[in-house]
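Chains: A, B and C, in written order; residue numbering restarts at 1 for each.
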Amino acid sequence: MMETRILKKQALGTLLERIRGGGFRVLAPSKNDGHVVFKEVATLADVDCEAIQTTLSPKAAVFPRCEELVNYTFTAKNVRIEDHEFQATPTVLFGVRPCDARSLAILNSVFAWDVKDVFFQKRLEATTVIGMSCTKADDYCFCTSVGGSPGDTSGSDLSLTLLGCGDYLAEIVTEKGRRIVSLAEDLFGPAGKVNKEELLPKIPAKFDVKELTGKLPDMFTRNEIWAEQAMRCIGCSTCAFVCPCCACFDIQDEASRQGGTRLRCWDSCGHGQFTLHASGHNPRHSQGDRWRQRIMHKFSYFPDRLGYIACVGCGRCSRSCPADMNLLEHLESLVEAK
Amino acid sequence: MEAAQSNAYRPQLMRIDKVVEEAPAVRTFRLTFVDESVGRDFTFQAGQFGEYSVFGEGESTFCIASPPTRQGYIECTFRQAGRVTSALASKDEGDIIGFRGPYGNHFPLAQWEGKSLLFIAGGIGLPPLRCVIWNVLDLRDRYKDVTILYGARTVADLVYKEELEGWRKSGNVKLVTTVDPGGQTPDWKGEVGFVPAVLEKIAPASENTIALVCGPPIMINRTLPVLTQLGFTAEQVYTTLENRMKCGFGKCGRCNVGKIYVCKDGPVFSYAQLQQLPPEY
Amino acid sequence: MEELRAKAKELLAAGTVKVVVGYGEGSDKYRARAVFVRKAEQADKLICDARCQQNLAVYLTRSEVKAMGKPAVVARPPAMRTLLQLAAERQLAPGDVVVLGISADGKLLDLPDFKAIESYVATVPMDWESNPELARLEAMSSEERWAYWKEQFSHCIKCYACRSSCPLCYCSRCTVECNQPQWIFAAPHTLGNLEWHVMRAMHLAGRCIDCGSCSDACPVGIPLNLLTQMLAREVKSDFDQVAGLSADSEYALSSFKPDDKEDFIR
């Protein structure tokens, strides 16, 4: 049974202050030029509590756009690799929706698979997630279709749910969550019986994901379906980059005569160059092939190899897609396809 | 050292001890580990690959072309094709490059003891099989007949020219070399014809034999039916795939063919396994 | 809208075109999306209202669309300018595409050839001629403007939605994808982003037809069209050339005449 407390609404700002005082930087949804993104915030006033979802996911906190993997300097005839231990900044992600909280385990399954990625591991260890249950959803949300829910606590260390009176139900999910509460014990009171389900928006599942996962392996060669679905796709990387579960990356060297850096950068299978060989051969030369890879990877290969559907139904890809691809519509269409 | 070793992306520094110009735009490097203790502990199995870096330019994927039976160095053979291989091609003996590996699976040589081996390679497809050939020759009495069929477009394009001579003279293997029609020189003594056609001509026995095939896609596509005709089952034929790679260990997401990753589940596959894969390689 | 659907049906039924690239209902009441109508009976999918702003001409240079056969395209004035500019750059020949022109006030136009399109677009002002955002930028000092754009580009995630949605970015191998040498950084740090956007704006100077798709496509809301609009104004004032007004013009930045007023090249 998870330990629960009540956090009074007027105490939320103080909680943030105590967290910052405890040595954490706080990243929370915050307005930026008409969009809401995860940004470093100083006070509660900087936090946007109303947005259904941010434009960009919080994955940059554990999987940044650019990560320095190796730094090196050139000497007369030699190369020296700088060996320093990577340190991650203690971070609290505040106001994380349940879908995004679930995505961290999905990302971790890639970066911890066999060879451990030390950068991701350290960033994840240094991150504490304060989840915020949803009070509303829009038509792009489909968390309940992929095993999530608007009040799911998995992936959060401390989970907050807004009560009718404006206070918050606080569920202490992990030790990390307990450490946050211990920074501000005086702000948390005892919780009586709370019916959490009543507080959450109702989001009926829109399709059967098990049926989809079961059908997909036999649909690989249905080229006409993939080509048709991908017709309006313009082949950018928006969907992959706003997605909390997409982890594909590129490795780029940037150097001068003195030395340089090897960087890990976000990359996307939607790009024509993603699988292009030096010979000019491209196993995925049409946008339909690349769209198929996106769907198959998330809903077939990933669950098969790593045990997760690599989608949490946050809806970001569909909200941001310049060509209005709408992932949910395509998934429903695949389930219905003969 | 602990901190350094825990970074999987950090390459080992390698010194180029020897450069051999094999063919136009094709070179072999013999590499030794700058850190000798790492070199002493380094082991791998035939068929595995590595990510070779030019610091400042990037990394490129090549199999380890030397056999695991030889300690103290590794070798790679590459053709100049893009940014990294062009930068590698400008390196000299004594220069430092990077290496990460070994990655991937390997040829199941232990399972093939007591069998005959048929190596079929075209052009730049010989390097990935060379590690196996030398591995086998270093343990020669564990295997029965060894046949090598190798072809290239022209005589100049044949790689490992000195080693081919050595294998021919050793009496240990049956070596058949061929060049494409029009690729022969006046003093060429080998076959003239495409590899699949020459294979048909020499018609090696399939019983208790494993065929290892590597070369350009068109050569592989035309060779497989000939092997079937000769009685080889899909489980008796092996190849090594290549795909665009970056990380080499299953994270960057780019080398998958359906649900398998060439860098983790491959690059070595039997033809039976290939038949299970979706057509995207 | 009915006129448009009827025209589309007629073109498809007669086999004059193999596909009509137009707008259809989008994910919600605020959005429209590109549709590729290949059968006359599906022409009722086509809509035409204020939501329909995406520049559909971007699909005309895609191999998957070209493979379908001769297209018709529903074209608002920016898309019409795109067709003229593509023709001027030898990417489109007369008769390659049937234009279903939509006037600035939403009426179906009869535009049988490039001349007709030229006559119509000459009557439609460009956004950069009156955009108050340009004046706001110009009023900044160069330090302020540099700081402004650095801040904007710190948010860029290098998704290349700007490039993918731009109909004039049809290069099969973009400069940022050249790695021998790597002319500009591919990585998504602020400097790399800045180099990318400045390079792209320069490659569009005098070629951008002012559709605003780049800004509309940007998932983090960077007002990219301000860069290309500024450069459009520069090209107009320096070379008296405006993109997208003629199917038959030489690009000012890649042609030289002996009587050009610049003498540095002599």
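In this text, a residue touches a chain if its C-beta (ideal position, glycine included) is under 8 Å from a C-beta of that chain, and two chains touch if they have at least 3 such contacts.
These numbers come from a predicted model, not from an experiment.
Trainee: Where are there more C-beta contacts: B-C or A-B?
Mentor: By number of C-beta pairs in contact, A-B is the larger.
Trainee: Average the CA atoms of each chain to get its centre, and name the chain whose centre is farthest from that of subunit C.
Mentor: Following the centroid criterion, the farthest chain would be B.
Trainee: Between subunit A and subunit C, what's the gap in Å when you average each chain's C-alpha atoms?
Mentor: Averaging C-alpha atoms per chain gives centres 33 Å apart.
Trainee: Provide the C-alpha centroid distance between subunit B and subunit C, rounded to the nearest whole angstrom.
Mentor: Measuring from centre to centre gives 48 Å for this pair.
Trainee: Averaging only over C-alpha atoms, locate the centres of subunit A and subunit B and give their separation in whole Å.
Mentor: 39
Trainee: Counting only residues that touch at least two other chains, what does the list for subunit A look like?
Mentor: Residues 250, 252.
Trainee: Could you check subunit B for residues that touch two or more other chains and list them?
Mentor: Within subunit B, the residues that touch at least two other chains are 58, 82.
Trainee: Flag every residue of subunit B that touches subunit C in the complex, lowest number first.
Mentor: 58, 82-83, 86
Trainee: Taking the touch rule as given, give the residues of subunit C at its contact with subunit B in the complex, in rising order.
Mentor: Where subunit C meets subunit B, its residues are 179-180, 182.
Trainee: What does subunit C use to touch subunit A in their complex?
Mentor: Residue list for subunit C touching subunit A: 26-28, 31-36, 54, 58-59, 62-65, 155, 157-161, 163-165, 177, 185-189, 213, 216-217, 219-221.
Trainee: Using the touch definition from the top, list the residues of subunit A that touch subunit B in their complex.
Mentor: 69-70, 72, 74, 77-79, 81, 83-86, 110-111, 113-118, 220-221, 247-253, 255, 260, 262, 264, 267, 269, 274-279, 281, 283-284, 289, 293, 296-297, 300-301, 304-305
Trainee: Inside the complex, what are the residues of subunit A that reach subunit C?
Mentor: Result: residues 32-35, 37, 55-56, 65-66, 139-140, 227, 230-232, 234-238, 240-242, 250, 252, 254, 263, 265-266, 268, 271, 273, 286-288, 318, 320, 322-324, 326, 329 of subunit A touch subunit C.
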